[in-house]
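In structure tokens below, several structures.
Next, two complexes with chain A in common: one pairs it with chain B, the other with chain C.
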Partner chain A sequence: MRSKLRRIGAAAAAAGLGLSLAACGGSGSDDASGGDAEGSKGGTLHYLLNAPIESADPQRVYYGFQLASWRRTLYRGLVAFPMDKDEKAGNTPVADLATDTGTPNEDASSWEFTIKDGVKWEDGSDITCEDFRYGASRVFANDVITGGPNYTLSYLDVPQKDGKPTYPGPYKATPEQQAEFDKAIACDGNKITYNFNKPWADFPLAAAGMMMTDPYKESFDEGPKSEWKVLANGPYKLEGGVWDKNKGGTMVRNEAYDEKTDDPEKLRLALPDEIVWSVDGSDEASEIINQRLIADSGDDQYAITTGRVPATMLQQVTGAVEERYSNVLSPYVRYLVLNAKSMTNPKVREALKVSTDIDSVIKAQGGDKIGVPAESLVNPVTPGYQDNPAFEGDNAGDVEAAKKLLEESGEKLPYPIQLSYAKSPTNDAAMGALQQKWEAAGFKVTLDGLGDTYYDVISKPDKKSDVMLAGWGNDWPSMMTVMPPLFDSRPNVSATDCNNDYGCYHSDEFNKKLDEAANASDLDAQIKALQESDEILGKDVAYIPLYVEKFNWLRGSKVTGFDVTPASSSYPEIGLIGVQN
Partner chain B sequence: MWAYVVRRCLVGVALIMALTLITFALFFASPVDPARFACGKNCSAEQRDVTRAALGYDKPFVVQWAGYLKGLAVGRDFPLDAEQRAAAPDQVTHCAAPCLGYSHLDSKTVNEMVADALPITASLAIVALVMWLIGGVLFGILAAIHQGSLIDRGVVGGTLVIYAFPSFAIAVFLLQYVAVKWGIVPLPRYTEIADGGLWAWFSNLLLPALTLALLYLAGYVRMTRAFVLESLSEDYIRTAKAKGLKSRTVVFKHALRAALTPLVTMTGLDFASLLGGAIITERVFTYHGLGMLTVDANNSSDLAVLVGIVLLAGMIVIIANIVVDVLYAYIDPRVKVA
Partner chain C sequence: MTTPGTQVELANPHTGEEGATVGKEVVSKSPMRLAMERFRKDTLSMISLVVVVVYIIAAASAPILVAVGVLDPFTYNQDLLNEYGVAAGPYGGISAEHPFGVEPRAGRDSLARVWYGISFSLSIALVAALIAIVIGVVLGIVSGASGGWVDAIIGRIIDLTLAFPQTLMLLALSSVALAFIIEVLHVPGSEGSPLPRFIYVVGVLGLFGWTTTARLVRGQVLTLREREFVHAANLVGASRMRVYFKEILPNLWAPILVSFTLMMPAFVSAEAAMAYLNVSVAPPTPTLGNVLTDSLSFVSSNLTYFIIPAVLIALVVVCFNLLGDGLRDALDPKSGR
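Then we have the complex of A and B:
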């Protein structure tokens, strides 16, 4: 079974590969391979963050760049994604703190790992099975450890009441409750077994991509007070042990880390001696940081950033600066959601779809360096990705076809719709472009740009919005982290809220496919069910894909080995990056 | 005098209570769900309810407000969940009175956050104050004693031109060009005196303080000019001139002193409002003072921090008003406190 799962995983990734990065990279000055000098150990890398992170606690970390870069530096997991540009290899976990990528039982409802000997925390103590179990248990204390990914709550085989786990986490658990949890994650020496209440075919991918199953040392835990504390087990530790939310921190070599327990070539080269992380939380952070990188003086020559080059600054990326520039596909897809409660006429939904001018939207957002047309809500690098047949064809919007559909709909024309979106100058322009083509087709569009309240407004069931702009990126390379969180009405829709299912979409046929996927014991079956679920969404025009976002990166002139990988979520792959000494 | 001060203080306390109540009411009237922000990316409605309860936002706002006032008076222990505190006493954070609240997003008391941010805002306000006072008063006097001349028109016109620019534009210009592009000064990053010495503290404050000072300068130039001109036309000035006093003595000792009274009022109130946080300047220069804290708290719907800052800012303005009134009486003997 184990080998079967691996084969299936590889096949799925290969399927993604074939369709994925035809347009990836290469549209800028380079394809993010850097072209810089080979890196060597030593020196100080500066990482300029354009926004503060939300937490330094592994069970609370949820930002894609942080998950990826801290996996390379501070926090190792059971398994990890390698630093491989190839999507097939890059989306296939390899062993990290565990000796292999796990052995599932027959239906993948139980996974067994063996923890390596000699792996240690920065204080020199061994990383034990109990540390892994304790780390996973903290996620259940969701009244204390808030904000992190919590998929394990619905998977781990602990007693439930009304569909919810009764285990309250390690802080408030009774001895009986703790004993039940200890059965769900069983420790036997260095062997750890995760017992789930249903198959979890892509569990190793989840464990590699998220930190919800990472180890945590119980004696280090202070609950909420641990939010900014770091006890590292990777090649670096945090100087002082506490992250400053507003300033950042400095990572230095972790003497307790033994390279022999790692696979540096695949997982982390750990080239710089120090990595100085500086936070710029201002609204203009990306502009300022990229101005500094264009100027390329002092420490900024050794700097990388999370701040993308804004579209308005791309014209400054010329000459020598272009040598330090990368334009790459990101894991994020922008899409439109149709309100299932108000847009009930299938002909009207179809008319909206065919007249959607994706090309103009991309142009308004900044052009082909900002995005490429999407053919599905799923990102092309996701294993099992396929173009959704409902969205094939012209991206310029077919006004005549839409007019015909609207006439056939029997609705009074022009058909009024309200288009809601998070207000920004580029979104104003992009939504204006949509409005133009839709109105030519026979819609009467009211633009509704909203501020901070945007997501609160569009998640309400009684909203006035008919069409809404949204964006999503998968949590790990699996469609299970795309379709279920966004369109499964059961966990999302209530009388007062539609949560992430902004269109309040409900389809029994679709939900059945999700159940098939969730209960699949192998990835092949899971992927097939999810592909079919996307087809249902397309047929119902539950959403209209717009574009896959592209990232624009600048770096300092003395940065070496700059690259992005599927594992780094298209952010700088810090495991490969060094500085010239 | 003392009765007056006590009376003003009591009114101040009532005002502060009203401020906290209004902030609570406005926060809960907002359509923004604070639990959505705290709950993470993929959060079910059920999980959001748990998060809301963990943040303490599940109770009626009047109950929460009463709890907040209690914390101000006698302090509070966090988390609010008594079961949690009993189960994990080592995780309890005690917030001593006057407790401004606890930020669940930062896992810190608001008192700690304010203590971190206030020195930054105060440093910025003090350096800006010195800049605009020196500039404003000197240019104002210069314009007054050269009334109607090219100097007068140049000073007033010049400061008005600067005043016409929004502080955001000045801040971005100073940062992007003076610091980043031309590299005339290093990129400003707040440095404590204890860490880098007085010069590092001051030099890093130069651009953000200049941004604020330029904003206030025009007003002070015009006010000083107007008050000095008014004083110069008073009988006692004519008498002083007739007695043969030097014009420098007439201007600085007699005319300026009379003009100082309204200037002190203005300065006190402006300084107090700056102590509440210079939001735009702090945001552009990434100075993590009270202004930045306010914006961050607003963006993340962190009620405890918002209320704490409103309370603090309100307190500063009220205290500044009392101090200004007392100073008024001291500077101008004609003013007697009733």
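Then we have the complex of A and C:
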């Protein structure tokens, strides 16, 4: 999903409002009904968005649902995740614009791809290696191309100063700087080679899940003005070529797209002739859209949505409506972070952990259709997932065991803690549930519900919070996008900011494991090191996992093939969906 | 300030009391008594009075009942909820133990929540109304009795307060104001105490709610200040303070009482609006506004939970308003509605 999960915290905390920012993580689905009827080509699909998207420019896109669904419609990549429901297959990239999934050198610090012949932009021109290089170079111009993932900045082998690349992007680069960049991404005919300054074993996963390495046509680029312009290379193009932020847009068939260069079965069936995207930016968008879908009249019969069914509406989903409903695991995990600066006594941390009442939290959030207990910070569908041994067992909170631990801790009781969270009625109720059990065990809990600036507050090293509620989903299906961004003290912690390491956690042993993982040249070794790093976090009680969020989807009655896949981040898999004619 | 003629009146101070010299068969009634009689005849006002008294008793008793454990507005009963986190059982889970049902998500007792909520809502309204009345009366008297440039300045202050974009500023300034209350005024807020927000809400309502009272009082004072007893007090050299607060103020209690009674319901509903905008006393401390706001998302799944606080707010607002109207009619029968 998104490394800058600041927004997810705010958005998803508001109980399923707002687009989540999932990118490419995995998902498992309980009862996502496979096909209502086998889809056939033709017809118009309506996609109701419950919030505006951030940009239509591939190098700026970061919303998970948008990355996944535009990969199926407008923007093809070097490689892409297949629409496979199996977690392993669904999380393994297949070739898209490239002929294969890439050839790494020995230590995976250099990757080579060959671009297919006959792949074209919607204007009919060929997609060249230079287009790929130009697209990747735009990410470096963070003053012009704002937003979007920027992992490539730390990986691509360009000269660096103070740990930051000196290359300023294509708009301001001197010829020398440009020449240096052109060495980092080398073009030889239709062969493209990415040179990194360190091993990047899961680069194909990143290239499939994000759009930072997608091609971009230089002559089409207008810098900041390109934010809403679309030059497609997928089976659809955007009518008019410009996305309306507050209204949406209509996707129609792209005549320049040649199905033969693609793998429709695996990557995109592209069934509807037209996909009409309409944005409802209001606060109650999810309620309004889902009421419309329950009513199921007119065009809404052909509609799917990004607005999850609010927990308070789930009771209305019965009878005939239930046949148009899916309840699926999402890639997001909610967890508590302990402040390493104030919660220093290991017995106290342990006591807090054992008395955490996950069942009540889930009930307060809306029941088992909203979440299932988590046993680790990592989502269960991520490759290499294992239950963290530190968090196994009882989910209802063991007050007696916690009492004993607190007595042994030698601290003055009741032990005062401040619990901070992004304020919403559901979070108020859920955190109140935690408070009850913790206070029974011997803590004195102060609830500290915070507004929009929540993540800015808890990033500060001198905050008063002892325990903080947070949420995370991986940027691509690898634990590399979970533990390192959240708990590696080196990039996160400074004197004024702890960034995503909200607890300002620091452990040399843990950091060493991360280095081991980062320098691993094959995925198995990387996974093992990361599993061990999670065990260290569990042992130190750096975090307490709460629950894996579930998504609730409604759709119109004439929609066919509705499903979610690991690649779609548990949002509707638009590559499979069609409509009855 | 002395005018010709005051000397004569001073020499004959009892000329005002005509009723005392009337014949025996006519029962003499003080203006107070007349007003009471008029009020008693007004059934609607009497009903409102009873309801308001019941509310006040409820508000006063709630903290005691919570302290001794009869009411429990904080304990979770999630075992009473169904799989969707909403009260199991019909009508919001009404039972002998929970006569108003239980709230969704947490399962806390609704009766205890609204009862305790009445206590908070009414004390917010009461304290805010007292602040507004004190400011309004003092400025109204000073403005009306002094006249001249003092009157002009106070008049402009009133205009300014009325022109102030309150709602916008309140929302924008709430965090700054709360930080000020906690850090500069040293009100304990870090222990999760509702006090800082209580002070904020009361302050906001009080500091912006006094203008109508001030204008009303000023108008009354303009007529009073030319009355003989005021001139007399001035003539014998009474201090300004004495004239304002010993001579003029006692003659204003009727409009003040009416204005106070009409201010209460306005502040109860203003608190509810502030709760909706997230600037009132924070949950889990219940106020009527908090409970109502929380219930809004459950209108479709648990109507009982919404109806209870909605009806309670509506009832107290209507009854206080009717009471205020009744009092005005009784105390000042000549004034039109």
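By definition in this document, the second predicted complex is superposed on the first by the 549 of 581 C-alpha atoms of A that agree within 3 Å, B and C clash if a C-alpha of one lies under 4 Å from a C-alpha of the other, contacts with A are read in each partner's own complex, and residues count from 1 in each chain.
Criterion: a residue touches a chain if its C-beta (ideal position, glycine included) is under 8 Å from a C-beta of that chain, and two chains touch if they have at least 3 such contacts.
Note that the coordinates shown come from a computational prediction; the quantities given were computed from them, not determined experimentally.
J.: Just checking: does A:Ala295 make contact with chain B only, chain C only, both, or neither of them? Give me first, second, both or neither.
T.: first
J.: With both complexes overlaid on chain A, does A:Asp283 touch chain B (first), chain C (second), both or neither?
T.: first
J.: A:Gly77 contacts which: chain B (first), chain C (second), both, neither?
T.: A:Gly77 sits against neither chain B nor chain C.
J.: Which partner chains sit in contact with A:Glu227 here, chain B, chain C, both or neither? Use first/second/both/neither.
T.: first
J.: I want to verify the contact counts: of chain B and chain C, which reaches more residues of chain A?
T.: B
J.: For A:Gln436 in the superposed arrangement: first (chain B), second (chain C), both or neither?
T.: Once the two structures are laid over each other on A, A:Gln436 reaches chain C alone.
J.: Counting only touches as set out at the top, which of chain B and chain C does A:Asn246 meet: first, second, both, neither?
T.: Touch status of A:Asn246: first partner only.
J.: Show me the chain A residues, by the header's touch rule, that chain B contacts in one structure and chain C contacts in the other.
T.: Looking at chain A, the two contact sets are disjoint.
J.: Give every residue of chain B touching chain A within the complex, in rising order.
T.: Interface residues on chain B, with respect to chain A: 30-33, 36, 38-48, 50-51, 53-55, 78-79, 81, 83-84, 87-88, 90-91, 93, 104-107, 172, 175-176, 180-181, 183, 187, 283-286, 288, 292, 296, 298-299.
J.: Within their complex, state which residues of chain A touch chain B.
T.: These residues of chain A touch chain B: 52, 54, 62, 142-144, 146-151, 153, 164, 171-172, 222-228, 245-247, 279-285, 287-288, 291-292, 295, 297, 452-453, 455-457, 459, 475, 481, 485, 491-492, 494, 496-497, 499-500.
J.: List the residues on chain C that touch chain A in their complex, please.
T.: 75-76, 78, 81-86, 104-106, 175, 190-192, 278, 282-284, 293-294, 297-298, 300-301
J.: Would you mind writing out the residues of chain A in touch with chain C in their complex?
T.: Against chain C, the touching part of chain A is residues 310-316, 360, 363-370, 418, 423, 425-426, 428-430, 432-433, 436, 445-449, 451, 464.
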